[in-house]
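This is the structure I have questions about; it appears just below.
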Amino acid sequence: MRKIDKSKILSAVYKKWEEALENNQEHHPQYTASHRFHKDIVMNLYHIQGGLCAYTEMKILASEYDYDEANWIKGRFKKGKSKHLGQLEHFDPKLKTDYPKSWLWDNLFMVLNEVNHEKADKPTDSILKPDRPDYDPYELLDYDFEKHIFFANIKSGKLSQSEIDRINKMIDVLGINFVKDWRKKYVSERIKALEFGIIPDPAEEYMTAFEITRRNLNL
Amino acid sequence: MRKIDKSKILSAVYKKWEEALENNQEHHPQYTASHRFHKDIVMNLYHIQGGLCAYTEMKILASEYDYDEANWIKGRFKKGKSKHLGQLEHFDPKLKTDYPKSWLWDNLFMVLNEVNHEKADKPTDSILKPDRPDYDPYELLDYDFEKHIFFANIKSGKLSQSEIDRINKMIDVLGINFVKDWRKKYVSERIKALEFGIIPDPAEEYMTAFEITRRNLNL
Amino acid sequence: MKVSELYIKKYHQFEDFTLNLTYPEGHKLAGQPLNKVCFIGQSGTGKTTLLNVLKVIILSIKKEIQEGHKNIMIGQSDYGDMSIDIFHKNGCIKIGLYNVHMRNGSYYAVQCEKDNIVELQSEIWFKLFNYPSDIDLPKNLYALRNKAELIDNPKLKDELIINFENYNIGQIWETINETVIEDRETEIRKSLEISRLLKDPINSKELIDKATNDFRKWREETPNPIQDLADNYLDKIIGRFNLKVKTELDFEKKEDIETIKIQQKNGKEIPFEALSTGTKQVILTALPLYGLKPKDSIILFDEPERSLYPDIQTEIVDFYTSMAENSQFFFATHSPLVAASFEPWEIVELKFNEETGNVEQELYYDVEKGRHVDNYIIYPQYLTYDGILKRVFDMKNEPNNLRMNELVKLATLESQLKHNKLSPEAKKEKFEEIIKLADQLDWDLK
Amino acid sequence: MKVSELYIKKYHQFEDFTLNLTYPEGHKLAGQPLNKVCFIGQSGTGKTTLLNVLKVIILSIKKEIQEGHKNIMIGQSDYGDMSIDIFHKNGCIKIGLYNVHMRNGSYYAVQCEKDNIVELQSEIWFKLFNYPSDIDLPKNLYALRNKAELIDNPKLKDELIINFENYNIGQIWETINETVIEDRETEIRKSLEISRLLKDPINSKELIDKATNDFRKWREETPNPIQDLADNYLDKIIGRFNLKVKTELDFEKKEDIETIKIQQKNGKEIPFEALSTGTKQVILTALPLYGLKPKDSIILFDEPERSLYPDIQTEIVDFYTSMAENSQFFFATHSPLVAASFEPWEIVELKFNEETGNVEQELYYDVEKGRHVDNYIIYPQYLTYDGILKRVFDMKNEPNNLRMNELVKLATLESQLKHNKLSPEAKKEKFEEIIKLADQLDWDLK
């Protein structure tokens, strides 16, 4: 799970609306995919996330032209529907279901459909929240290149047992290992190439898994 | 497939009988498991093979006491039935079915039931015959520690393409990779132990796979 | 109540055969009867026979209790002595069928360890559901309504034995349908009442408002049975087939009220007879559990995987068991995907003992160390598909022999790339060949 | 003859649907019809529908040829226009069922591309076998002999359509049995002749020797049908169930001649009604193929995996196809083990197109590169069980979610062993914990 910087706002009209709600301490309207700002949020997140799922780093939006900056006019997204495999996800499910803050920018990410579905309303722990300012995947996560799964980073020796348990729990909740079979194929082929002295093209998805493995293997 | 030295004869009565047939150029009697020398041969082979299948090195006779030298009296095996998973196998099937030489010592091995069954009457090539004087598994075979299969040794650079093909063909015929799942478990655990600096007990089966892997990994 | 032990003295391939059906030591339910059991084993090892033995004993107990007979020949005597331990709220009791020799002759009779069974009735009573493997799925449900047999449709809710060897499973549909039709009729009646009020200009706004509010209140307070059926049961599973239960009441002709309808997710209605075998099976087998809401019951299920695509097979056990409160399920299956739903101690694997010709249970724990959760070796829930097929179903090697030859080919290519001296172009070519073959083999390059 | 293409204009979820049923470019049989085809896909995608469409067209063609009708309503017209390309020794021809509008009304009729079908009879004729998924297995074969229906037992050998929706599959047993009984009767007659000779001291040694030699010669030259049935067909597969066909003629009472008997490998006879569902199914479905020896036939088989243990599922396709010369088999299955018997181009995977709601074929080759063996991506025969379930049956992840949590636990333990500073004892203990968990997960330590 890469670190995500959500400061780049293209859907400015939505953001202004959201900030007004927050400043006035108003309840948000109920969450629905037909809300006028829904697509604006989705595409702004895709722009920020580079078309990848926020948790698994799987490519879920095929074309990068779909989230090109040129598609926003006066703070609103103007292009038609895009083909993608994602859903707008509320990191903390309580902020969605009780809907006082269903449209809070900080709580929203684009993730793979199945990951959102499996996560459902399980409670979350912000120890693994990709846009937290001090979130560092290389400090918190390790990648097992045999099982192709992420797990809490023990090798640094910096994490306590309770932090390790919290991280492993969140890896499960966020479904970070759900894509392991796809990730396995992608990462292995690139690592194998490196081992044979072939330089692969830059990774387009699963870059954290690839990078941790590269470091672990000193390649 | 380990090298096998068949010179140690405990079932001397059988061997004398076999040599007489050969010297007089007589046809052998038809092969049957109820023949009076059948058990003598089986147990002599188990003694020589250390209770392992000649081709796969799987342990197919549980107790080494069963083939102890003390069980032979005056050149005949005297103990009762043993529990084992093997069958008496004719390396060259033609020498069995046409039965001029069904009881030829040189052509007989003890192997895992299923391996004998799968091999059936497929033609053989003595390039992989475990008792051939110049047979050297480390020269002819390599072991892939990821797939846990034997394949022709390419790394030495000594084998021609046609030899490589003949060896791979015989690996299939002799069913050497049939036991890969059992072998995988056994060999991996021992290699893993070595990697962690733990010295495992001496291997009781699959020693060739273990030894090639140990050398390949410089452990 | 639940069964905590099954014993067969001698019947077919079973001889002095005891099944411990409790949770092992170290389990939070240690000593209590298993909530679900899965029989697996090669054809002919007797999975269906065990389901039948349970059925026969339970049917006999029912007969004994209902008719109060003692020492009377019940069922076939070729079953021989057999018994079950019944775990109920006040303890555990052994009840069985035994050959009894008395002065006036021999009997095959129900006997209870120490008490009179009839007296135990209140403590041990329960329903039995039996789903055989060859359930007859009606081709068309609508036609049923006209059949004479429906006139005698028993009140299934009151029956203690729901045995689909005898019942036509389509009858259940009718039973559930009754509540659905009743709800629809009420909704139509109420709608007509309101429109009658509206039609007449004499009625005051207050009257109309009150009627409208009453109607809304009724709908809020009265759960719509079809909505419950859809949301809580069927849609969860038939969603996989791109289907859902039609919950809206579209009234165009009177037939629209008469039955539960299935539609595609895009809204297109599918007539029942056009549904696939698998879909029909899931719907028809789930309905009796949904409609009759078993409690403290024993449910026998032979081959639940029939006609189902693998994804549904992995969910079907959870689906069925979620529908019965405090009940005990016995499944018999050939499906590794069904077996993956069970804890190690819930699986009863049957195997031929080649020496005796009898069938024995293959134990999944280290017998020397004892029946404790820590000593179990095989965990179907932790395994991959390969693991289940190889470790639980004893499959040797891969589904097809061709794979092995291709693996040797791949190892050879890799070794050539590693050890042969190749030009950069030849290297790249060989590497692409490796990638392609590895992909065909689904082999992850490491 | 074989079918090389199937076309459906509009029927249920199929619209403008074409199946290419030939071997692809680059295959040694390129362009020729597939010898076997396997339909797979989620419930409701129409596997059984495709088998039915093939059946309906072929039955209609048969009717047309036999009765010489032209433009006559045949079967249900709701099938709409559909056709098959028939590949026969003199070429390939399209025959279909079409809605035909003529001056005197509309018809649903069999039509042939250019020729009169009746004239093509000799070139395109063949038998059709249809095995539906819900074949009714008789509980007891012996009882059949007395049933009235047997009086009208058609000469199955002469029938062109063997459709087990209509035929009782038990009847076939009787047909094969006739040859077995005949052989047994001959052997008994000949034995009695010899013993009559031996009984009378007047007969010369030469005469007795000659009769003995004649007897031996007869047995050598006349294949014993029961031995052939056992060695070449049934024993291969029922051996898995610890069973074999009884080949010795033990005559104790006249019933011993009357039927084929099944016994355990240790010699114990098993009455037919005591055989398991899976065993009965294999025996009863194989017998028609064995007894009628199909040639140039089309054989439809829905859910051949029913009631079979995984090991038999991997062999069942080879088993059936080995029994029919130059025939074309169409299977529909939910079993990954059955699917592993097929080459990539022999599999027809059906999928819902969520936008149109129609069903389409999922192509296993790179469409841009073309239908050539080199461009196929999915090779079911090369895959592990995991590979087939994930790549062919689109299963996501493992059969049970619990596995993932345990894998994270294992990775954590390994990392602790590697990176934490542990005493040699703690190291050994951690290592044993790892070995135990890895074993439960069937994870090979690398």
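We call the chains A, B, C and D, going by the order they appear; numbering starts again at 1 in every chain.
Here is the rule we use: a residue touches a chain if its C-beta (ideal position, glycine included) is under 8 Å from a C-beta of that chain, and two chains touch if they have at least 3 such contacts.
For clarity, every value in this text was computed on a predicted model and none was experimentally measured.
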| item | value |
| --- | --- |
| Higher-contact pair (C-beta pairs counted), B-D versus B-C | B-C |
| Centre-to-centre distance between chain D and chain C (centres being mean Cα positions), rounded to whole Å | 27 |
| Separation of chain B from chain D, taking each centre as the mean of its C-alpha atoms, in whole Å | 39 |
| Centroid spacing, where centroids are CA-atom means, of chain B and chain C in whole angstrom | 48 |
| Euclidean distance of C-alpha centroids - chain A vs chain B, Å | 56 |
| Sites on chain A at which at least two other chains make contact | 146 |
| In chain D, residues with contacts to at least two other chains | 390, 418, 439, 446 |
| Chain contact topology (line, ring, star, complete or other) | other |
| Chain C contact footprint on chain D (complex, rising order) | 12, 41-48, 133-134, 137, 240-243, 264, 266, 268, 274-279, 282, 303, 306-314, 334, 336-337, 340-341, 352, 354, 357, 377-391, 393-395, 398-400, 402-403, 406, 439-442, 446 |
| Interfacial residue positions of chain C with respect to chain B in the complex | 390, 396-397, 404-405, 407-408, 410-412, 414-416, 418-420, 443, 446 |
| Interface residues, chain A side, partner chain C - complex | 145-146, 148, 184-185, 188-189, 192-193, 196, 198 |
| Touching residues (chain side chain B, partner chain C) in the complex | 114, 142, 144, 146-147, 149, 151-152, 154-155, 157, 164, 168, 171-172, 177-178, 180-181 |
| Partner chain A, residues of chain C touching it in the complex | 417-418, 427-428, 431, 435, 439, 444-446 |
